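These are the structures in question, set out in turn.
First chain A sits with chain B, and in the next complex the same chain sits with chain C.
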Partner chain A sequence: MLDLLVGALVYSNLLALLAVGLSLALITCRVSNFAQGDFAMVGVYAAYTLSVIAGVTPYAWIPAAFAVGGFVSLLAYLLVFEPLRGKADLVTLMVVSMALDMVIRYSLHVYADLMQQQFKVYTRLFMFDDFFVEVAGARIPGVLLASTAAVVALLASLYVLLYRTKLGVAMRAAIENPGLAETLGVSVKRVFAVSWFLSGALAATAGVFLPFRVMVNPDTGWSMLLPTFAAVTVGGIGSLSGSVAGAYLIGLSETVLAYQLARIGISTAYRPLLTFTAIIATLLASPKGISGLWSGRGWSLRRRS
Partner chain B sequence: MKLLEVRGLRAGYGQMEVVSDVAFEVGDREIVAVVGPNGSGKSTLLKAVFGLCRIFSGEILFKGEDVTRFPPHKRSRLGITYLPQTGNVFESLTVRENLMLAAHDLDESEAGRRLGGVFSLFPELEGLMRRRVRTLSGGERQIVALSMSLLRNPSLVMLDEPTAALAPRLVKQALKRVVELRDEAGVSVVLVEQNALSALEVSDRALLMVSGTVKFWGEARELLENRELAKTYLGL
Partner chain C sequence: MVATSEILAFLVSLGTLYSIYAILSSSMELVYGELGLPDFAKSAFFAIGAFAAGALSVRLGTMLVGIAWEGEFKLRSYYYATLTSAKVAANPVLGLMLFLIPLLIAVPTAMLLGVLASYPALRLREDYLAISLIAFSEIVRVIARNYEPLVGGTFGAGVVDVFAWLRSPWRELAMMLTSAAFAFGAWLLLYKLSTSPFGRVLRAVRDDEVAAAAYGVDVAKVRVWAMALGSGMAAVAGVLYAFYIGSVNPDDFTVSRTFLVVLMVTVGGRGNPKGPLLGAAVYLALDRAILFAKRLLPVPFDVNYLAYVALGALLILFVTKKPEGLAPERPLLTVDARAVEEAKRAFHVLEQ
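Here is the complex of A and B:
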């Protein structure tokens, strides 16, 4: 039971970071970014590479993974999405992001081959070694503590950035109405570049925790994409606070429902059936997602339509 | 002295040309009204001067510098501000945050000095600082929008139908504010207005646009006195 709870919480933590990152891409450039999972894998391979070179736990390389993932996402914005901003429709942007997904994913495959040749280590279907902490007789895995700490620290920092700094006011303004922000001398390109850096950085940080629970390869990011989109949709598209709430709703319900399926002898491979039924039910009850319940208050960034 | 000079401007959206061969100028401390029937390209003209739509040909000179290809934020930094007809404030932000954004590239003492100037022009603003803009009335929003413009310390303010969201009894008051911008804040104004009579009464010069081209350019009083143009195109 403890392992179930730990699994659910870790999974939800990862989804929260990925979903907030995806929301940042959505509310800035209106991109349903299919490459979001790949940014997570960039984080995995960045931390893995540095860990192999230095012989230190991948946890030590979370800041580096944050920076590398952010940098790759920033490049994607500057080279692909900024030139298309205001010119391409939503479907075109989505298709472009699918193409970007393929480019990053297969680049990671090439990188994995090179890394294997260079360092003589497994670069596919590998896992990271974790540490455990004894709490009241229970063995708590380090990934739960580290991922929870990362979620709290990163989301709190993001909140402070958005609501307590000049840059944050400019970001919120540019998200709500980029044209008006530009008329006031705000460089929307620069502000969106910061958002995209953060989007990739949050995903890459989530990625570092993934191999502590499951075996990964360059395609693993793709499998995280559907629940991430589900979290953003259930939370309310474009709402950061909704994305966090959606991530925990999806993460916890998916794990618990999978456990219930297993108990009655049904394969857990069918768990998306229950999860996505839950999504439809949530959206029928609240079409704007669960953030529709508190829209306009607190941490709810939305773009003018 | 010419503050803004527009020569042979052709502009629009995508492949569509909305304004053709437009030429006009704005001097120091001058109000220029841009009037004309619906769909005559008045708003597009302002957007073109601010760099928000496609310019096919022509020149826009500001303080003698060619700004035709400058992005909007660069024009803003040179001293041009533009207030769109709608969406001219950030509704999810507080009044304080809106003003803070308008002054984002100033140091604190300069921002404080300019804010003092704005408060003296619009004393009611001080009581609204903590309110979210979405909770304000149409008139209050216009004051916030104008204040944001003034914090940029502009030489030229371009207003796209500033009275559109206002109750009829507030229209005269809003146009009085426009005159105060010229007389007290010392800025020039380009004023796009549907309410042609009120706009021409407070303006120095006027541009009459019809189907994207200039039908009249000259003294505002002269246009008011031109019975034929005023009756045919402005319904006066």
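Here is the complex of A and C:
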């Protein structure tokens, strides 16, 4: 029972980081980024490589993974999405992000092959060793504490960045009305670049926690993508606070429902059905998602145009 | 020395595969190229065709020739497929029935599922539709992979050789000609639709949904029809694919396959009926070139991975540098092309 709760919370934490990252791509360049899960895997392999070389726990390499994931995402923005900004329609942007998913995912496969030969370690279906903390007689895995700390710290920093700094004001202005922001002297390209860096960095950070719970390979990012989309859809596309709420709603309900289904003999492999149901139910009932409930007030950044 | 017969066999096999991809890309062109809908569940509708052949051909075959079935489907389907194929060798009509019945079941099923899967998001922005279709696509694959009575789960399913009544070079040729006939039919359907008033309605909705609606077009209805037709066409390709390969494996129908079809349409040229034919040819040529390169290049990793990286990069290059593709969409014949260009220029001046 405890393990179920821990699993649900860790899963939700990861979804929250991924969903906020996905939303950042959505509200800046209107890209439903299919490569978001791959940024997470970039983080996994960055942390894994460094911990193999240095022999330290992958937790120590979270800042490095953050930077590498952010850098890859920044490159994707500068090379692909910036040239298409304002020119390509929604569907074209999605198609491009699908191509980007192919490029990154299969580059990671190549990297995994090379890494295996170089370091003689498993580079597919591996896991990280975790530490445990005794709390009131229960063994709490470190990944729960670490991922919760990361979510709180990163989301708080993001909030401060967006609402308490000049850069944040420029970012929000550029998101709400790029044309007007540009006229007023905001370099839209620069603030969008910052958003994209953060988008990939958040995903890569989430990625580092993944191998503490499940075995991963370069395709794992793709399987995280659908629940992330579900979280963003349920939360309301384009809303950052909605994405966080959606992540916990999807993460907790999916884990608990999958557990209940397993008890009546239905394989947990059917989990995508739950995700799909959540997406469809949201679209039928309230396409604006749960952030539609508080839209326009508080932390609900969304594009007006 | 390579024997002439080997080269011929290679070409016949290539022709079959090309026909199947041409059907897929034509169906994608109809939904994505002409109407602009992100039909990201293409691999699922393709899979439904293949699964119909995988689930039905052996079961129907054994039933019709009166072979009693023993053991689980996942373990025995290949064995019974071989037994039934031996019976088909003496009975062409049986082969025809085992080909047509799965086809007649697959097409309406795919059309219906195409409408059902897209229905909740048809009136919303395209990204909602894309997400729900991707999710649907994963569900089809996950169910087929885990529900073993359908097509044997990860074991896959054997498929009856419906041309077993022909000798070896002729049976492959028959497979190719059948596929080519269906491909021609699918392409003709696309061509006729594209050049008809319906085609203009599709492109009008793609270019400006609100304007099209203002002119009285029922946007949701147009989308329902396009999804139904596109999904049905993909199912035809799936049935042919299953009979061509001779077996069905659920893991063959991932989103990567949808990506390949999108690649074909984009490279070929969206909005031009020639585009899907050209795109499928370009993709197949690249795919075969990569196969050859695999033998020549001794690299310390799997070349297939590199191939996907290259194909992804190719699509990005096309969208950023040559978005109109190899065969660009032609302006409407009813309007003078020069007038269109002048109007565009005037519009740009106004914008600045």
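In the analysis below, the second predicted complex is superposed on the first by the 293 of 305 C-alpha atoms of A that agree within 3 Å, B and C clash if a C-alpha of one lies under 4 Å from a C-alpha of the other, contacts with A are read in each partner's own complex, and residues count from 1 in each chain.
The rule is simple: a residue touches a chain if its C-beta (ideal position, glycine included) is under 8 Å from a C-beta of that chain, and two chains touch if they have at least 3 such contacts.
Worth saying up front: this structure is predicted, and the values here are computed from it rather than measured.
If you put the two complexes together on chain A, you find that chain B and chain C bump into each other. Taking chain B and chain C in turn and counting the residues of chain A each one touches, the greater count comes from C. Once chain A of one complex is fitted onto chain A of the other, the partner contacts of A:Thr183 are limited to chain B, with no touch recorded for chain C.
Of the two partner chains, neither chain B nor chain C is touched by A:Thr165. Of the two partner chains, neither chain B nor chain C is touched by A:Gln260. Of the two partner chains, chain C is the only one touched by A:Ser32; chain B is not.
In the superposition on chain A, contact of A:Ser157 is made with neither chain B nor chain C. Using the contact criterion defined above for the overlaid structures, shared-chain residue A:Met94 touches chain C, although it does not reach chain B.
Overlap of the chain B and chain C contact sets on chain A: empty, with no shared residue.
Considering their complex, residues 32, 34, 80, 83-84, 88-92, 94-96, 98-103, 105-107, 109-110, 113-114, 117, 222, 226, 229-230, 233, 237, 267, 269-270, 272-273, 275-276, 279-280, 283-284, 287 of chain A touch chain C.
The touching residues of chain A, when paired with chain B in their complex, are 166, 169-170, 172-173, 176-177, 179-188, 296, 300-302, 304. Across the complex, chain A is touched by residues 32, 36-38, 40, 120-121, 124-128, 130-132, 134-136, 138-139, 142-143, 145-146, 255-256, 259, 262-263, 266, 300-302, 305-309, 311-313, 315-316, 319-320, 323 of chain C. Chain contact summary for the complex, chain B toward chain A: residues 50, 52, 71-73, 76-77, 81-84, 87-93, 97-98, 100-102, 104-105, 134, 148, 152.
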